[in-house]
Amino acid sequence: MQRFLDLADFERAEVKDLLGLASRLQQNPDPHALAGKVLGLLFMNPSLRTLASFQSGMMRLGGSVFVITPGQGTWQLETRNGAVMNGAAAEHIKEAVPVMASYCDALGVRMFAEGKNLQADINETGFKMIADLCDKPLINLESAVNHPCQALADWYTMDELNVPERGKFVISWVNHPRALPLAVPSATVQMAAMRGMDVVVLRPEGYALPDAIMEKARVAARASGGNVTETTDRPAALKGAQVVYAKEWGSPQHYGDAEAETRLREDLVDWCVKDSWFKHTAPDCHLMHCLPVRRNVAVDDEVLDSSRSVVIREAFNRMVVQMAVLHRLLRNK
Amino acid sequence: MQRFLDLADFERAEVKDLLGLASRLQQNPDPHALAGKVLGLLFMNPSLRTLASFQSGMMRLGGSVFVITPGQGTWQLETRNGAVMNGAAAEHIKEAVPVMASYCDALGVRMFAEGKNLQADINETGFKMIADLCDKPLINLESAVNHPCQALADWYTMDELNVPERGKFVISWVNHPRALPLAVPSATVQMAAMRGMDVVVLRPEGYALPDAIMEKARVAARASGGNVTETTDRPAALKGAQVVYAKEWGSPQHYGDAEAETRLREDLVDWCVKDSWFKHTAPDCHLMHCLPVRRNVAVDDEVLDSSRSVVIREAFNRMVVQMAVLHRLLRNK
Amino acid sequence: MQRFLDLADFERAEVKDLLGLASRLQQNPDPHALAGKVLGLLFMNPSLRTLASFQSGMMRLGGSVFVITPGQGTWQLETRNGAVMNGAAAEHIKEAVPVMASYCDALGVRMFAEGKNLQADINETGFKMIADLCDKPLINLESAVNHPCQALADWYTMDELNVPERGKFVISWVNHPRALPLAVPSATVQMAAMRGMDVVVLRPEGYALPDAIMEKARVAARASGGNVTETTDRPAALKGAQVVYAKEWGSPQHYGDAEAETRLREDLVDWCVKDSWFKHTAPDCHLMHCLPVRRNVAVDDEVLDSSRSVVIREAFNRMVVQMAVLHRLLRNK
């Protein structure tokens, strides 16, 4: 493995093999595996889980980590090709990324969607620029429309919880004060489809995921024996669900138009997961969320504080699966 | 030892035992003691000594560290129970703390007083919420009314300097541009009382420490054979003192009322430690301060730059005693 | 070696010896050389290369690192002697530096020029205060008029590229949205002079380097058999050059006068390195720059993206030579 950028880059069997390595490392730690190796982390956007879990995971394998956060002790970075750099950004990623890569054995990069042009974000224009500039093993710490580390952790979590591979997986849009990126919903639908699940995307009008993302997931579902549908009908979607995965995202219809977005979501305050959502799900249906979650806006306290919620376990499993990714990228190299 | 939150949670003999471990580790380093262990540090407020000394100390024991600073590359954190999270904070401590705890073997947390409601701060409302959310060994890096790592370092420093256990210890209020928390004065009075000293709290009218804090220290003094009194009479307080411990704190009478505070301290500019304060102290009387100190506002250059000042030694000893705390919390676990 | 503050503190042979150690460590890593050692880094100003390369280099030698960035999770620091500290800065470097030094085995400090008083900056008033406060091995991570780590890396890079020691080295002023410090041009001229090169400082009227800096370089050139001249004549300067080193700096004539500076550089937009600059240089002439570089303001894309540019190699070599500095300062101590 040279790069970990998108679950879709791997066969289903390869992902399951990686999850197997994660499980073995969890049971039999390999604390000197990456001795002498250095992981660089570049955060163009904020982080808690990714920042802490990659550091802890790398150190638990005997390796070391440095973190660069532009604008926080480091220059702001320019990303536009051909820019005349007389503004706030003192350095271009064309220098910053190869330089950072030269100091480390693997580089992790977080670069959220720009949120202006939907097609550019679906094409991963920004992250691809960075990927092209990096000649070391590269890890996607969340790009415009992907978050493979989160997706891998969620797959691992469902395996741990014995959620059937053919189980019903409902990813539901939930509310948020502003439009969030498509990275986690896209990666989650892809992951659940690859796992072979009966995936339902539940969302209000205006929040259908882009065709390119849905079609990519359907391709994965056809290969795995799974299924991907979408609906605005909450009762039908939730019926018999084994998992409700709550997630906030911005309207693709009003991409980059904050004002139109705000008007649209004003009437959607009941898209906050409550106990009542689980009336007709499977009795042991789990509530999943990638965190951070806005309590009582996206998911009610009564659900997050109940035994249905497995959000802390998902977050812990970020470290578990990322250790497998690091091991695979760096061991014996 | 499972937690290090308050010197008052320990018997005097237990504290002395911990100081003995610190001394042994200082003379005979144990550089592989915590190999493979990870310390997480959560800073809700700024730090220099705590941030640097915990990292250095943990690494000197062979362990690793990650740091999370909400608002500095990490989401701002919500602390209110039941909050409808549609404001600036993207994540609640109910998720952030268990997640961070799941990545580390011990967690250190700094959370200053809110400074609005005196009783809530005396009750450690905020820090207790965090403590209840953490299932790993926990270290108090300064809470609303406590700073046990500072207190332990100060005790160690006095032992090093052969300050008699029955010696006269004067903690004096000093000026500052604004009201500071009660954490260090509270922890210091408690420490000196537990050490068995003749403790005098010297402060102007309006700055008496809250009854709950004074009474807690008096209980410790009764057990140790020490004594705790308070006064506004500077000459009487300083007479024969072996230690003058300068510290800034806000008026408990005007808690949360910055305007009234400002008026009160306008007339208190002479509460800045000068050479003349040592005219009637013991000749080798030491000046102690937890740092950071505002020169020529709280303590004059002439004192800080003299041999009386042991503030750098106190700061160095933060690392020394914290290595003992980490060793006790994590060794063979 | 006790300190690494200025190339001029060393004999030419000592620098070459240090470069030899860097080369040996690059070929034969010594991954446990600094086990148990702790490097402290104090950044009063932003950084990317220095921050990442010192961490990575120290960790690759088996050591550990902590970073303190005042104003970013740590108090702002006061530097003025005798200040009455009732402003924004909560701590004085008189405490902060000895405290940090007490936690580490070597301390690196970055403190840019204040940019108000030219003579004070040439005298390194600020950095010297810090140096006087530090009793541990000290590394200059860029001071008012010096950047010895960059200079050492650039020397190493020219050796790697087989640039003749007697080759023609042109350091050219280039444009920038605002006046930058004299640290890199000063250190670069010094380095090239010590290396024995034919050094030409090419700059527009108003940007002559201060006499003290030119004279210091001339002293080094006399010892090494090199030569240092300055000119405003670009064609003459570039003719036959083996290296064009592009660098931005503020006008010493208008030091601290941002408005006059701005007027002066308005007419200097053609001081941006283009392909055409290399018409009469040596055919394999290299473009060097310390980074960060503002593309299409200081150097055109067409040059930075060509094979002439060795800026990424220079940056990588920061880590290589700094590992030699750390090894020399800390090994067997």
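As written, the chains take the letters A, B and C, and residue 1 is the first residue of each chain.
As a working rule, a contact is a pair of C-beta atoms (placed from the backbone, for glycine too) under 8 Å apart; a residue touches a chain by one contact, two chains touch by 3 or more.
Model, not experiment: these values are computed from the prediction.
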{"item": "Any chain in contact with chain A as well as chain B", "value": "C"}
{"item": "Interface residue overlap between copies chain B and chain C, same or different (over half shared)", "value": "different"}
{"item": "Averaged-CA centre spacing for the pair chain C and chain B, given as whole angstrom", "value": "40"}
{"item": "Residue list for chain B, restricted to those that touch at least two other chains", "value": "72"}
{"item": "Residue numbers on chain A that touch chain C, as the complex places them", "value": "35-36, 38, 40, 64, 66, 68, 70, 72-75, 78, 82-87, 90-92, 94-96, 98-100, 102-104"}
{"item": "Chain A - residues contacting chain B, complex", "value": "29, 31, 43, 46-49, 51-53, 55-56, 59-60, 69, 72, 177, 291-297, 301, 304-305, 311-312, 315-316, 319"}
